[in-house]
Amino acid sequence: MLLHLSTWQEVEVYLEQSRGIILPIGSTEQHGPTGLIGTDAICASAIARGVGEATQALVGPTINVGMALHHTAFPGTISLRPSTLILLVKDYVTCLTKVGFTKFYFINGHGGNIATLKAAFSETYAHLEDLQIPNALKVQCQVANWFMCGSVYKLAKELYGNQEGSHATPSEVALTQYVYPEAIKQAPLSTEVGTGHKIYSATDFRQRFPDGRMGSNPALATPEHGKQFYDLAVKELSNDYLEFVNAE
Amino acid sequence: MLLHLSTWQEVEVYLEQSRGIILPIGSTEQHGPTGLIGTDAICASAIARGVGEATQALVGPTINVGMALHHTAFPGTISLRPSTLILLVKDYVTCLTKVGFTKFYFINGHGGNIATLKAAFSETYAHLEDLQIPNALKVQCQVANWFMCGSVYKLAKELYGNQEGSHATPSEVALTQYVYPEAIKQAPLSTEVGTGHKIYSATDFRQRFPDGRMGSNPALATPEHGKQFYDLAVKELSNDYLEFVNAE
Amino acid sequence: MLLHLSTWQEVEVYLEQSRGIILPIGSTEQHGPTGLIGTDAICASAIARGVGEATQALVGPTINVGMALHHTAFPGTISLRPSTLILLVKDYVTCLTKVGFTKFYFINGHGGNIATLKAAFSETYAHLEDLQIPNALKVQCQVANWFMCGSVYKLAKELYGNQEGSHATPSEVALTQYVYPEAIKQAPLSTEVGTGHKIYSATDFRQRFPDGRMGSNPALATPEHGKQFYDLAVKELSNDYLEFVNAE
Amino acid sequence: MLLHLSTWQEVEVYLEQSRGIILPIGSTEQHGPTGLIGTDAICASAIARGVGEATQALVGPTINVGMALHHTAFPGTISLRPSTLILLVKDYVTCLTKVGFTKFYFINGHGGNIATLKAAFSETYAHLEDLQIPNALKVQCQVANWFMCGSVYKLAKELYGNQEGSHATPSEVALTQYVYPEAIKQAPLSTEVGTGHKIYSATDFRQRFPDGRMGSNPALATPEHGKQFYDLAVKELSNDYLEFVNAE
Amino acid sequence: MLLHLSTWQEVEVYLEQSRGIILPIGSTEQHGPTGLIGTDAICASAIARGVGEATQALVGPTINVGMALHHTAFPGTISLRPSTLILLVKDYVTCLTKVGFTKFYFINGHGGNIATLKAAFSETYAHLEDLQIPNALKVQCQVANWFMCGSVYKLAKELYGNQEGSHATPSEVALTQYVYPEAIKQAPLSTEVGTGHKIYSATDFRQRFPDGRMGSNPALATPEHGKQFYDLAVKELSNDYLEFVNAE
Amino acid sequence: MLLHLSTWQEVEVYLEQSRGIILPIGSTEQHGPTGLIGTDAICASAIARGVGEATQALVGPTINVGMALHHTAFPGTISLRPSTLILLVKDYVTCLTKVGFTKFYFINGHGGNIATLKAAFSETYAHLEDLQIPNALKVQCQVANWFMCGSVYKLAKELYGNQEGSHATPSEVALTQYVYPEAIKQAPLSTEVGTGHKIYSATDFRQRFPDGRMGSNPALATPEHGKQFYDLAVKELSNDYLEFVNAE
């Protein structure tokens, strides 16, 4: 059930049965010469819809822009600062808590969002307690990173080994190929790829990872792999969501 | 050209020919018993894609949640506070300015966003001047409200007269029916509908407009109307975008 | 009744009869070679006093500095950033709501304030609901732009036609001449005047409107015109205020 | 020379001779049963004009609302939070520094503003250095409290002794009587008056100082005293301003 | 009783007998060629412990970094901006108020903190009232500057006369020598020392006070003096704390 | 070399040889019935000093209060909100970057700080790039969690197995016993201890973990163990620091 394709009265009915909502969050950032700028949002969005269907859960609109400051030296990247993203999450959760939601499950497509999301959850719990909203003490937020699902990780290792890398990975590129086969890109990929560096400023990042990839070989991706990743992630996160939403 | 389906290298090439980008912004808010919660985002998104195709312009990801605080007493609404939305816009425009964009065309689906967007533009121009970014002085932001296009307005009046109302209007509902025919909703609509009241707090709003509509009769909407509105808006905004992006 | 010339006990008595307060807001910004930097504050302040006298309403102190970032490339302009002005309005309204005021009528002298004021109202309603102040749900804020009164607009068109322009207009200059006849300025006015441009950054603004006027010919202003504008605005806004304050 | 009654071209000329500006700052707060709510703004404003005339200095518009949170339990008080006032001061000084001002002389009418003003100055210096504005390193801000002038203090002691108190003092009431003789108030003053307590929250303040006075007997005030205070403050602050503006 | 060496259950017991806590606040800033960068934190911390022992009061962890923006042109200085320090104080006091503390006694080692602390207290009282925390109305914050104790000031004058100066003073250096005799520094001190200048930006400060001292001769300091200052400050502040914590 | 026991001239000399600084960060939070409230700060501080000695690195003052909102239902806990901690880190790093530091090594004693620190680093890099500080692009921040050192983790497993738990662990308690043998606490520990729950709001936390421990048995701790943990952490982090500071 997609929030954007529902009416408020349908949401009212939904709330009689469940207090949970899935919020997909991605990023708008470079993914190397062949990866889509929307990769993280596309993956989070598709998987969230799949989980929503499998679990009868309500799925909110995708947060398309996340925390990607380190990618901003590449054209096309858009990022919120962490402090802005914290406010955004606080606003989302506060609105929804006031009308009865208490379980917020963020399906996340971007590693760079994790720290800020966790900080935002802490900030939000305290804010809700301060507001003395009836449901505040029951509010629970969770970040679920599809790319860190055990089954996904295992398949990526099997298919790509070390060439999975850690950004613009063949697994995430494959998933976007499955979702948008019409947008599969071809571009020369240097055999040399930045790897093993830590992430600091945007300028530094571009120097260390000149074409945007981090140790990955996305040329290995296929739409068929993408379907496999999609199926694994949906299955694993569906179980995880149900456990989360049914826990006390 | 959709930013999310492009690579950073494609954006780099694009920037050699144009400094413009279209940013659709909607809202996630109740639209009466039969209107979709995603109405404003769906309309802005669809029209932005149409304009992008017609003008070869780059279209960024949709800002799905806007300033809808007055709708938050209805379940399913999500809103940013104005101060958060200002920061979000500032972050978006700053990132994109740094890599060379200077013309920001926000195709907007929600009247409640307009004031905050304008405030955000002022805040952003000053911020960019402070940063002394090379392109800062050339940056121009514009908000284009599809529902205020002359041709759209005229057709709405012809088709619906006073029953167009000002929220959960048949024109916007029609447009979503055209885009998502599978999500056309049926629900009883009271013949009495709140109208003529000003907008204050969320609680006050719900008291004055009990089912969420503001003077509108969305039962008049049809997908065929929706197509007409879509075509008119795309045409008018395409011209407007070209004028904007080509102006000095 | 001027708040600044009242005691707190007089305000206490006033609150037994009315919950309304008028807050004049202007700007401190260049108004061309012959317009006073305080024009917008002077006009808002004078009209607010007139409306206060006509309606027995309490008139607060003038907010002398508003949102005029686009004028800051001219010496003498002072501006708040929109985010600061939002906080200021929130602070004002919160203080006054706590002691019983619920109707806030901002008489505004500057077009550049409108968007930020509206954003501030939304932010404030939500803040007051969060605080769970008893009166919060009844709070209503309204911005009343004297220069957009129908009667004012009509007279300006009659007297000046297209030479009214949109900044440093003869109508507002006339009003300041009526209020401060000792401060009528003489300076050469170029026959060429910037017009038709949109407003972006401060530097851009000064390039497009080199002497600060926007399509106006303030040389047409006279103190006698000023009195006419004053009378019309006071009359129209007095009616509007009474309607506002008496509405549910 | 009043900024509000000047044109930007006159300011441009002024800047060739002086980099200084006087910014009056008051407060909008209860001043006991007979003191005007605008007392602090009225005093700061009048004295600033006097100093401006005596020294040919430019005088900006009065900041009518300051930091008076502890008075907000009395109706009619309006206060900025310290964090808002800091932003306001930063915005003012930043705008004026960009066009060439470097000496900011705040004539202050309210003790409660002092700490926040000093914090704001520190915040602003750092902000200006960060912006790398050419004049930033020369910027100097000073707060000049008229009521702490040696000559004023001495006269108050002579005239009123201990009955001067520390809020709603006869000296400040006298000054407002001199400026606004038409607004001299009569009201019963209890012989018991709160005194010697420290200032904490607004609610606490009202409990300790039930009618708003702090150890003062404003019934001793006369307009003639007011003129004396005015003359002394203008003289002393004029000298101080000249010293400030001429110092390296 | 040191908070950091206590358990939460011990704090729970403590709260049955006292609602007071001592919070030492210092600074991390240059103190001339022979003064320790931690001088202000060291002094505040040591005296706070002494007062805690003398009065059985709970002593919180030292706030090691304060408001020292004007010292940041010297290497080793770390400063919060005033707006950050306000948030920090608000966070501290809010946490502690929620569990029952109401008397906050800040033992302060740095003049530059005073204004911001006072601003923070005002901000905090208003915040706590907004939160409607049961104890909020009883919360009292006080800043106690050890270097402004009458007895300390008197001794400094006796020992050093004008050579006490106002920064990197022999009295504070002496106190650090008493606390850390192993860290007594030797370095040439110019006979010329900046004095009499006001404090503006960091760059300006370093120009006026080239070696960081303000009119002081810290070569006069001895550890024995330090013990005397310590004893005087502990005694005077212990009395002051008891008066504060026992007052209504 | 401790920053607090150094002079600015010594720091100036240090900067000729190294651009690195160690910043210990802890927390002030409940650690169960026998754990010290300062545990995380004590551990971070002690280990940071050890690493500083072993590597000749400069060690800044300890950040005693971190992000511990989830512990605030226990008396004695003090926490910054994540948004405050982000500003604090930004202020620290900005000050130090301006005078030449580029390598910031945060030795962290509290798991709850990690997410916010990472968010703060991202925010800070972007801020420094915006300021166009010469060194900005070289700035690198790293968080080093002593309790996640491989050698520490291994020893904890060997000594305590599952009774290590995840908060108020015997390993951290042991370390504080080693540092403060005079503050070893005795208190009854229930054999039932909350475990396996996720962390949400403060109130929820206290319900799930009634005495503050998370699955741990701190009664197993001894000062001798503490010394072992100390030695291992200092050794491992010294190597890590040197690698960090010497990396490009």
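In this document, chain identifiers A, B, C, D, E and F correspond to the written order of the chains, with residue numbering beginning at 1 in each.
By our rule, contacts are C-beta pairs under 8 Å (C-beta built on N, C-alpha and C of every residue); 3 or more make two chains touch, one makes a residue touch a chain.
The shown structure was predicted, so the numbers you read here are calculated from the model rather than taken from an experiment.
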Pick the pair with more C-beta contacts: C-D or B-C? C-D
Field rot_deg for pair subunit A/subunit C, CA superposition, rounded to the nearest 5 degrees, holds 120
Please work out the Cα centroid separation of subunit E and subunit F, and write it as a whole number of Å. 24
Distance from the mean Cα position of subunit E to that of subunit D, given in whole angstrom: 29
Residues of subunit C that touch two or more other chains: which are they? 72, 81, 83, 132
Please output the residues of subunit E touching subunit D within their complex, sorted ascending. 67, 69-70, 72, 81-83, 86, 112, 114-123, 125-126, 128-129, 136-142, 198, 200-204
The subunit B residues in contact with subunit A across the complex are 2-12, 15, 28, 30-38, 41-42, 60-65, 72-81, 83-84, 87-88, 91-92, 95-96, 98-100, 180, 183, 185, 187, 212
